[in-house]
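Below, each structure is written out as structure tokens.
Note that subunit A is present in both complexes that follow, paired respectively with subunit B and with subunit C.
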Partner chain A sequence: MNALKTALPKASLGCVALTSLFVALVGNSLVAISAEPAAATDSPPAVPVVPPGKTISYALTERIEAIYQAKDKDGKDTKEECPLGLYENGPREQFAATFPQTDGKQLKFTETALQREADVWWPDTQPDKFPFREAGGKFSYGLNLDGKVKPSDFTSPDGKVKGVDNQFYRAVGCIPSYREGSSQRLFYEEYIELKQFNRTIIEITGVDSLVNDDDVTVTTYRGLDPLAKDAMGHFQPGTTQRADMVWGKAFISKSAGKIVNGVLITTKANDFVWPNENHTDAAVEQMHDTQFQLHLGQDYVEGVIAGYLDIESGYRAMIKRYGSHQISYGRLAAPSLYKVLRRLADAYPDPQTGHNTAISSALAVSGVRVYLVHPENTAANRK
Partner chain B sequence: MQLTNLSSGHLQMPMQSLGCGFIKRTTGLSFLRGALCALSVIVVGAIFQGASAADAAKTTAIQAVAPPNDIGATKRLRLLTTQQYVNTIQYFFGSDIKIEVKFAPLMRTNGMLMAGTSVAGISDAQIETYQKISNLVAAQVVDADHRGTLFPCKPQNAKAADLACARKFLARVIDYMYFVPPPTKHIDNMAVQAGMAADSLHDFYGGIQVVLESLLLSPNVLLVVEADEPDPLHPGKMRLDAYSQASRLSLFLWDAAPDPALRALAKRGDLFDPKKRARIVDSMIASARLESGVRAFFDDMFGLEGLETLSKDAAVYPYFISGLASEAREQTLRTVVDHLLTKNRDYRDLFTSRETFISPGLASLYGVQALPGWRAFTFPLDAHRAGILTQASFLAMNSHATRSSPTLRGKALRELIFCQKVPPPPPNVDFSAVENPDPKLKTARQRLTAHSQNPACAGCHRITDPIGLALENFDGAGRYRPNEKGADIDVSGIVDGKKFSDIEGMGEALQSSPALPACLVRRAYSYATAGSVPASSEPVVGELNKKFATDGYRLSPLLRAIALHDSFSMVVPPKPVADEKDRSVASAH
Partner chain C sequence: MRIKYLVTASLFAGVAAFGLQARSAEPIEDYQHDALPAGFQVVVSEVEGPVFADAHGHTLYVWPKRGLRAGSAGEDVGKPTCGDEVLRLSSGIQSPYPPGFEMPEINTRPACTKVWPPVFASDDAKPVGKWSVIQRLDGRKQWAYERRALYTSVLDVEPGDVLGGTKLPGIGEGGAERKPVGPDSNVPAQFTVYTTMAGRLVTLRQGQSVYTFDRDGRNKSTCTADCLLEWTPVAAPISAMQIGDWSPFERSPGVMQWAFRGKPVYRHMTDLKLGSQDGADVPGWKNVYVQKTPPPPVGFTFKPTIVGLGLGDAKGMTVYRYVCTDDSADQLACDHPDSPQAYRIAMCGGGNPDRCLKAFPYLIAPANAKTRNKMWGTMLVDPRTGKAAPAGTAGTLKVWTLRNRPIYTFAGYEGYGDRRPDQINANGWGEGNGGHNGYLAIIYRDISEMRDGSIGRGGGG
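This part shows the complex of A and B:
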């Protein structure tokens, strides 16, 4: 199993045998990605090396923050990346510490719960009275977004790639909510699959070969149709998705790329908007300078999408995404996390304040091959 | 109990006289008990009638006047199929009346389930099914959503009996649902029973519901009792009476009970006038309801009911997802209706045409794209699919749960499409060569060749395998595969002496086989008359074959020819069942 997948709570692909980390070159920069050569282990050749119409599309079935967790030789979580332990000051703990109720004074609702709500929805960058525990250590998943190797950067878990930009991991890596096995991650993954709003399609056009092609176009769309599973419960390749050209225009983004040894590498960073709905609230997250490193299988795709996450939209999506019980059990204290995200932000400075507004991050993704149908006109799309 | 080709008279209503009685009390429970009792008793009564001395004498009389080479079919006592019951209910009460029911399976008799409707039995469990669905239908008919449109009147007081309104409603229902109009007294009696129930329940509609439930599980609704009479146009011979002819026509062409209009024409005697009868048949063929009839016929002929219970090993065929079997069935029926009715094309081309309909689930199996819902679709050339035999319905149904089966496919094609009979395997056959094969034998052809080294097996496999092996490019779930375990698949074969090398060639070989249209004619005639084709009707089948060819192998003219043929409505005395079986098997070869 691939190291990234074992770090995730649900290895649901079941059809792609993941065996190794993959190292590839992007321009002059070494990057580490989490996909492995699925082509060698993918299902029998249902699709020729040159896909029909020189186009292949995948619907994402998983899209979640790429979190590295150190393991010992038995696969046990050693938490080496969190030398101070996991973060413990969750919402309940912060509430109890803020309103200790030791003096017998009766506090009003507006002074307690609503005050906490205000802190969540209107966070600030003032120093946090609760000590935070960042992820440290040397390793992280992700991509070298800026082509540089800086002191704050990580190294790929196999040690081969330097300069991995993933400050988001530094912020959340020790928060239980973001770690393997948390209910929050389970819900997150489930809603990527179940919520139509989240249906993300990656279309690769101009493909002369799924193995090597120095010029392809990568476009994301929002799909209109549910994901299908086969009789074994695995995502079924070869189903049809309609591109949402009416309400999904915000999610269309185009980039250039190439395929090297079966790995799609975007050569032109671009901004993407990710749909993100959980439970009942829909939100979007903006990601700047997004790069793709995807191992292309004939029926499945897997890899990393990395970029600079816009903190405001990412934070808003996060606090809308989860219920109080989830963030409480997962020790996810939103106001504290916001302060850390802003402190660790490493890109896109505000022209007026000079403070960075985006943070390097990486998403672990996997998907299944689909036929993407483009509607001839918007009327047909509405049907 | 079994109703075997009964020679039946009109059903009486013997409930009271035989001790079941109608309602003793006005509770729903006792009423239902009475209705169930009625059904059981009437079936028994019918059997009793069939074996009565009077009937025996009548049969003897018929035999005495009918020449041995007479054409026609025996009159039947038929059990309504599930779909016929559903169609009848929904044509009258509306398609929003939800009916999810499955009656007991019928026995396929000489190739057709429809022939099994006259060789059927009714078990206690089946009566319970009838009662349950009658209850559900009746409840919907009288509920607040439907009563406003389905009742021709409003009761003066919804909490009490209203004899006039109840009678008006029940008369309409009975007029539509009963195959034979009952005496006026019967309708009056039912209205009274509804009134008694309404008074007891303090609910007019509740009273109607109780009576309607019993009405819907009445033998007058569930059983078709054909009756005969002397035929003045053919002195000395017998024909179905007017209502029986209407029933047979409607079940044949519409897969439902005759509607009041058709029954009224029958009552007027129009079905006995050749010109008027032709106009009636033409209007029935022009009706949208013909589609139901055609779907039912081909569902029967192609044995598609097998898809209802089809299952595949999910580990071997994970892409054969839940619901795909019913979609495959629907695809084939849509293809048939579109090809034969909408486009009025040559039946034989059904086995070479790439035009079909597709759903998203099937598209995934076929490796093509499809938008939501059912849409017209033409298989591209590289899809290697042409004709209905390359559709998932035939391929998956005639395979094992874990592997394809050229033998099952070949057998199905021979029996269902060519009306031939493939003998069952000998009891001591050794299947090890195919079930636990030598790993070196990668393809089905190699395994079957090894299996057929046994002379006891070779005979039948020579009949089935050359056709079945032509479909080996499709796995047991119907998905295309270019090879099997890495080995090339040889799909060459021979049909009726015509060699082919690929699936397209097989379709063309089938298309040119005289057995193909001849089988359709035989099955359609059998379906129309709800029984096997008797030897005396072989000349009729031959005549219909010629007409089918003259008409360019179009379906509608064939249906018309059958419906208007004298043999459709003429009655011959029944023959022992054993004779029919023997003859049918013999003619199948």
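This part shows the complex of A and C:
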């Protein structure tokens, strides 16, 4: 549950009565997030509630890779999932080992630093001379994307769900950049708020009840407006967002779903494109066969979005967001990561080569309720 | 009111108008006519607006000090450091790589002053206003503006050339770049002017966009009643007087409003972010430019992208420029075909020129292509080396240029590239988020927040 606790908005700790929700959903193969008792401050309504216009929308305030980290009873990170330890061959370490400046020979910039950057931007799948450390163990967050239980799959941390597909976690789970407290995670948290480019809105329409409804439509949009925080720094529900129908069409995707005991579960896997801008670069990640499992509150939302991440778009988005300087903080060696992503890829084989081009993955998300205004209803267009 | 004109094209009435409009006479930017030392002048350039120039019309530049990842580069006020020595080794100020590697094309690498000739002052030169005379390390005297040492660029040949540096938005991880320097724009104190691809854009000093309305008359506002729920007149002090192209008028008894070239000026209610230009999406409303840039050549297109209004080729595919600052302490630019191409070829093809040509193809210009401005042009390049080639050389390509540098599309490779007009998949492709050595999409209206005082994607992390 650690990843989800990290993902929880500060204002919504315990925002959903998770235990009951998960108990209710154990029989559903999609469920893979462990539940812990929580002080409900935003429980789903006890009686069916129809939102105005049968529509409810949320703006995501957190969207980050769901990374399981084993903890002891005191909450201390045991790193059990990384029996060989965390990955140590970051960019600086690989550079120093590859180009030692110790024998007095004058090395050339083109053959060292520039070659290293060329490798970052044009990686290959040749064997890596630096040993990689994958995450192992039994557990991972995520969803059972293919409905199967395979040897490479994980089990949910509470042990209730088998067949969790998350090979992306296997690739990155032991890289410090992706773990709690890393600069990369801090950047994620900062920029999903600061960057309007990242403003992701989930609109659920056709809602006859926020508790149980067997047929709803889920649509994502990009919002045009800032997120609001209160004086304590907590994200605030109830603000208005305008849907970006001019520049943001690439981020509009639809899916069908149902609501079961207050949990939205998509019933139709579809492709989604996620905006992901950190620092100064506007990057996008394409996720195939995306499934949602979101706990719907009247003011907050929390859960997981999983699917098969297109490796080229995902890798490119990462190295555009973070230069070699930034990923050095967390020992994320981009060319090595590319090799392992391609090796662990588990979906969407290239029709010509047969090599998989996508990798199962999961995002921990949370958000606040917003009122989504479509352009035809803006002040400028009401006249 | 006397308005100077430049023959160019009017740009984009709004988002809906993605196509180019007919050429027409466009007014140029007015500036503050402060006293200049003898031998200097102001030239109004197409992109940067008014810039200072020497007696030959060569644009003047400064090199402000800038903190980089592992150190800083550039010059402190009053302390010119661009010297006569060829710097042979990398500086290591662009993390994560250590210093001490031999720079590319070392045998022909120029000294800083060969690329950026100092603007020397005579022994009897006297300061004038913001202009002063400072001493170089070798004892020679050099002109300075606001105490920053002044240089010209070897890339500038004719008056109005501003090819050495630009104030166009880059991104935060770029190097310590030279910037053209010029007089202040002649705008009232509550306004400021930014350099953008579309022109010299006026905003309020804090960064909020301002607009004019087509239906307004000269010094007469038709925006009343419900219109005022959406648009806020930019008020002028009751004692305001005309400043250049700006004039106050009384929109209602006792309420003064600024007008630009006779058109009342407003803010828009949904511009919640600094630099937002949402109001331009409302029919009849336009952003205020003191000067617009010349249009791209015929055949280019404007189209929506995920970050705003972008430039496209004839098929609408995103067009990119390449930016590069090298890793030496003197931060020489490496984005021009006369500079070492190893940087670009590392990014566009992993060191393989053939892969570069496939992944980032040049935009080929027709054999008879010509432009009537300095912003857009053509150039002959050797596709294998990426260097500019003399006319008559076999195997050269005639390519379109922006600011005398080739421009590109991103065909990519199997599985990745720009496949639709709204995509900008190579934006930020390269070192330092693409800002240090990489490709940036050419964007005319960036919907991102203003950061670090620049329209578009400024700032770093």
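Basically, the second predicted complex is superposed on the first by the 334 of 383 C-alpha atoms of A that agree within 3 Å, B and C clash if a C-alpha of one lies under 4 Å from a C-alpha of the other, contacts with A are read in each partner's own complex, and residues count from 1 in each chain.
Everything that follows uses one rule, which is that a contact is a pair of C-beta atoms (placed from the backbone, for glycine too) under 8 Å apart; a residue touches a chain by one contact, two chains touch by 3 or more.
Model, not experiment: these values are computed from the prediction.
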TODO: Return fit or clash for subunit B versus subunit C, each positioned on subunit A through the superposition.
DONE: clash
Open item on the list: Quick check on the superposed pair: does A:225 touch subunit B, subunit C, both, or neither? Answer first, second, both or neither.
Closed with: both
TODO: Classify the contacts of A:50 with the two partner chains as first (subunit B alone), second (subunit C alone), both, or neither.
DONE: neither
TODO: Would you sort A:373 into first (subunit B), second (subunit C), both or neither based on which partner it touches?
DONE: first
- [ ] Please indicate which partner A:234 is in contact with in the superposed arrangement: first for subunit B, second for subunit C, both, or neither.
- [x] first
TODO: Would you check which partner chain A:122 touches, where first means subunit B only, second means subunit C only, and both and neither mean what they say?
DONE: second
Open item on the list: Looking only at contacts as defined up top, I'd like to know whether subunit B or subunit C touches more of subunit A.
Closed with: C
- [ ] Classify the contacts of A:242 with the two partner chains as first (subunit B alone), second (subunit C alone), both, or neither.
- [x] both
TODO: Under the contact definition given at the top, report the residues of subunit A touching subunit B in one complex and subunit C in the other.
DONE: 225, 242
Task: subunit C partner contacts - residues on subunit A that touch it in the complex - done: 91-92, 95, 101, 106-110, 112-119, 121-122, 187, 191, 194-197, 224-226, 242, 246-251, 275, 277-284, 312-313, 316, 320-321, 323-326, 328, 350, 357, 378-380, 383
TODO: Quick one: which bits of subunit C touch subunit A in the complex? Just the residue numbers, please.
DONE: 15, 69, 90, 94-98, 100-104, 171-173, 226, 229-230, 269-270, 272-273, 278, 281-282, 304-308, 327, 342-343, 346-347, 349-351, 355, 414-416, 420, 422-425, 427-437, 447-449, 451, 457-461
Task: Interface residues, subunit B side, partner subunit A - complex - done: 312, 314-315, 317-322, 360-361, 363-364, 367-372
Task: Parts of subunit A lying in touch with subunit B, wherever the complex brings them together - done: 46, 225, 228-232, 234, 236-240, 242, 371, 373
